[in-house]
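Below you'll find the structure I mean.
The letters A, B, C and D name the chains in turn, as written, and every chain counts its residues from 1.
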């Protein structure tokens, strides 16, 4: 199992390396009848595209997506949708040095231990370019979710030590600044901090938050297939993520039951929660309120400072990683987080349709 | 999909409700030839048994496990191991009230939304008793892992605002005090804090940390089936968990690449890492160092204080949840965390055996 | 993977050996709200119970099923339904001889090769008693299918050389005679043939046919998850089955396109097929006509005649298998075939609910 | 679930339609270190290529495969191998007529019922071209299997009424004649029969047999994941297959235990079977002898004779299907059967590596 498939009914399989012919994804199980164009997907890919600010790699990739199958007369047919992005900027430099040693913080060593050798060019399969497949597939999932009135939005809440001020929260602002922060002042500070990192040949991490609105109550399963458990897996499967929390998350551990419980109250004929400490799930199942979760990203491991490591001959050496690397990947990861959440949620909505006999009977009798 | 199955090759399926005939689990795919007795499993179940201190429910359950299949002449046969624990203390009280309203912080409302009705007795399937199946299966997984020299140990690092002092860390201490804290002083403070909570009809949360030693490098898959992603799902699938982090976790987000990267160095003929900010994985694959992760638990939602909620008739009401509830579940959850980690790790060790052609050829040629 | 789980959304996990404490099954994913009693399941188990005629083993098992979880106030809750049948007639004889050699036609040798040793008592996990779990789960699936107007019926079409005469087909007759043949004359001949087999210390095989009516068009998926492919796997997973065919099956190989194609014609406002050579599927998807398939069973391998084999010491020996064995298992297997078909069909109906965006939107908007 | 993924650890996902941009497959989980070139795969694709005799469609496709990922320095890396074949001969004719009615024997009607509409050009996803992905993936699986000394060979045993004479069996002959029959005389008769079919605007079916040698004992799992059950599913998932049998198959149903049981005997220090009625499995697990199974193919449904059907307006009409169709697909399907068997067997060899604790310990200790 190379582990490149995600989802049970909305099943996504990604492929491709940093310096191979391209990156792609097969989306199997997308409901038939969704209007879909390459433009729908390109919008999402453009959000993760490199070269859009001084804080992202200067690698120059168009990352143009091509739909190879599964769409006919402008609509999905229910059969596999194959998407591909050609790699264009495969700079012909010598990777021989990287081949011989293990970069700290990267998967070089673990790939070698697991597979006996590795495609060392640009990180190979462990490159951030692998997320292109996730984003392309997530764009489709997000488009399906929109049909149900479900919207996702993610943004940066922290970069290094700089955190947003919740009182100044302005989502639209996050679309304007290069660090995707919904707080104009924090965005400014974060950029200063990043410039400082670059100057010091160093890198930074941060936190991405994602909100999902419009999710009906009842999505997710008890026990092992909880909505939050699946979101955690989805998010931790993104390269640099080291932590996940939903609702109050780690802060809930220091709270008390009386403060942490969300009281129910009637809102006309609907049940609502007066607060949302839970982050939109109870017992692993969506409760109808906004789903809110956060992902912690470690600093980019590629830094040009001198670092200690070992080579394949078993010698202690010193290296400095040059090349076109992001001093921070958080702003470009925002759309990746959003897409992984879309994939997770849609799949659980699909697997959950047979939970009740009465509704299943309605479904088939209306057929 | 009711979502009660975990794992691909070491596949665990749990069943049972709080007030049904019992709780059980089927372990399918356990390697043949493992010596296994009921006692091996009972030791783990006893660690999560209620009634062992003033901070756990007074529900009095023996939780005696019975092996129903899959073991012959003292060894596993490779066929499904069915385990059952009978429910004995099903106090015959009236649950009629709970049936009519939704307890804040519980899954009552979401189960009703998902399934149309629910087994309301004692939380039904969302009861903490569901974890009996996980622990029984995890005990078997842990026994298999021990054969490879892999050991897991979990403990409490925080209860409410009380945190352990890392300088005073003493794992053995965690086995002695009722809050499972590896710091005698913190354990004392935590107990005082809990007494305070009980007096105030309130409850507390906390943090559990788990260490896994002896894991060879190369376990876990790139992309979606990363070891850390699977651990996150496993841990978030435990009822009250709201957050997961591996290695430095959320703290990594505030660090810099130069500080967060773990340098490699030779240790004789072996590669080792000089630090372990990563928590034992790189690129989702174990790197040979200790795996360290943490889980954040919310405060127990059942509190006897008056709370606002709604009933099924759509009326705003006030309730107070009486019964035999833990003011904190963290100490009893320690073994659950450990067991979920065992299940996750063993499954990935099994699925990973075919990663390399040379080793697969060795395997079959030696057959 | 011990391979004891079947299905994706209606997921069935069986456990238990011939001479262990019992046989059981966990049904995970059954839609909530189905009225279900032990009697519903017992009716199916009684159809496979031994000791009902001179042609079945004299092993005397009550095979009483017990529902251990997943049903509340007479209805399924959507959580796992655990079912168990205790083994009662575990005759305390010495199995020492069977332990030392490999019975021809049985799985003794292959279990030893796979697992290193085996539970040799009564065939262990490869015993026909394993099908109890399938039948118990299949009874539930069949009850769900009935809610959609889907009915299954299976019967014997051949025993050894004796075949039914299609012109005399009478399904009710199959419920009356001990060989389950829907042709009174063939049933008589078959019984004579079986008496002849018994007298000669020999055994016989046969063919079971199954019809499924009321299946809406559109069930099953293209490519690998075809309805017929899944039925084939389900049926071949029954111990003694050596062949599967749907519709005209092997006879289709000798036909011509002009004869084998089923013409479509209007039947009022509905599309129907004028013939059903296809057996109810086209391209792996149900076409709205009756699904018809057949399973070929080999003769029971346990015969008391002397046979040549080898023992574990690597010696050629002669054995004769005594004990309480069926000279034919076909009549008792009829209900097993029916149940495996129920499990297959229901699972595909559940996974297929998200095939179309318009219908998925209807489903969630009506929620 | 569009059902386009096959296998658990050697996981294959196919995509593409007859008249889309191309056909492809992603192979996820191939062991690292296998030498692999496009030529290795092309050899297999050439065996199913159209236009090689008067009995195959005149559609002129080069079917040149391209490796897009997963191979580095001539060897598989353990990451997904993406393969693509461009569609080149997409004749620009009007498919408007096919769009409006349902061809008998095809999946037109069932796709419309399932998905609401369909890509009607050349059969879309239900086209025989979908098997390109299977063959490309199967070529890789076969190459892995060869490393273990496992060889597969398939051939035609019957075309319409013409059957091979087992006494004249000559495998090499099957590689020379256009009907893939291992009997020169039957091949001649079969060709005459096919010419007769073509003249009568009709089509024929047939039977493919596959032998697998070198399979170690112990592959396949008891209960639902039997080797034969998985082969049956794999084979029935090929478009026109209506039946599957292993070993003596349907003939076993008319045999007796004394004749059908394969006696074990010592062959030096090895256990062997004196006969192979079982076809190489016992209890669903390989027994070390040759695996032999057969697949029955229906006649090609596309015939130019006039046929009755209905159109989408609900009218009874008459049609004749023109175009470039094979009067028989059996000879081209031989390699498809072989490839599906390779995929099935390899996957079970991979999942089976953790069956025994002792061997699993050897594996990890040698690591």
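Everything below uses one rule, namely that contacts are C-beta pairs under 8 Å (C-beta built on N, C-alpha and C of every residue); 3 or more make two chains touch, one makes a residue touch a chain.
Since we're looking at a predicted model, the values are computed, not measured.
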Fill in: Winner on C-beta contact pairs when B-D is weighed against C-D
C-D
Worksheet item: Would the interface of subunit A with subunit C count as same or different, where same needs over half of all numbers used to appear in both copies?
Response: same
Worksheet item: Could you state the distance in Å from the CA-based centre of subunit B to that of subunit C?
Response: 38
Worksheet item: What is the distance in Å between the mean C-alpha positions of subunit B and subunit D?
Response: 44
Discussion item. Need the CA-centroid distance for the pair subunit C / subunit D, whole Å please.
Written reply: 26
Worksheet item: At which residue positions does subunit C touch at least two other chains?
Response: 1-5, 8-9, 14, 29, 32-33, 78-79, 114-116, 125, 216, 218, 222, 351, 354-356, 358
Fill in: Interfacial residue positions of subunit D with respect to subunit B in the complex
8-10, 29, 31-34, 76, 78-79, 144, 147-148, 216, 218, 222, 349-351, 353-367
Worksheet item: Which bits of subunit D are touching subunit C when the two form their complex?
Response: 1-6, 8, 14, 102, 104-107, 109-111, 113-116, 125-126, 130, 158, 160-161, 197, 200-207, 216-218, 221-226, 228-237, 239, 242-250, 252-266, 269, 271, 274, 277-279, 281-288, 296-303, 305, 307-310, 314-316, 351-352, 354-356, 358
Worksheet item: What part of subunit B is in contact with subunit C in the complex they form?
Response: 1-5, 8-9, 11, 13-17, 20-24, 26, 28-30, 32-33, 66, 68-70, 72-73, 75, 77-82, 84, 114-119, 124-125
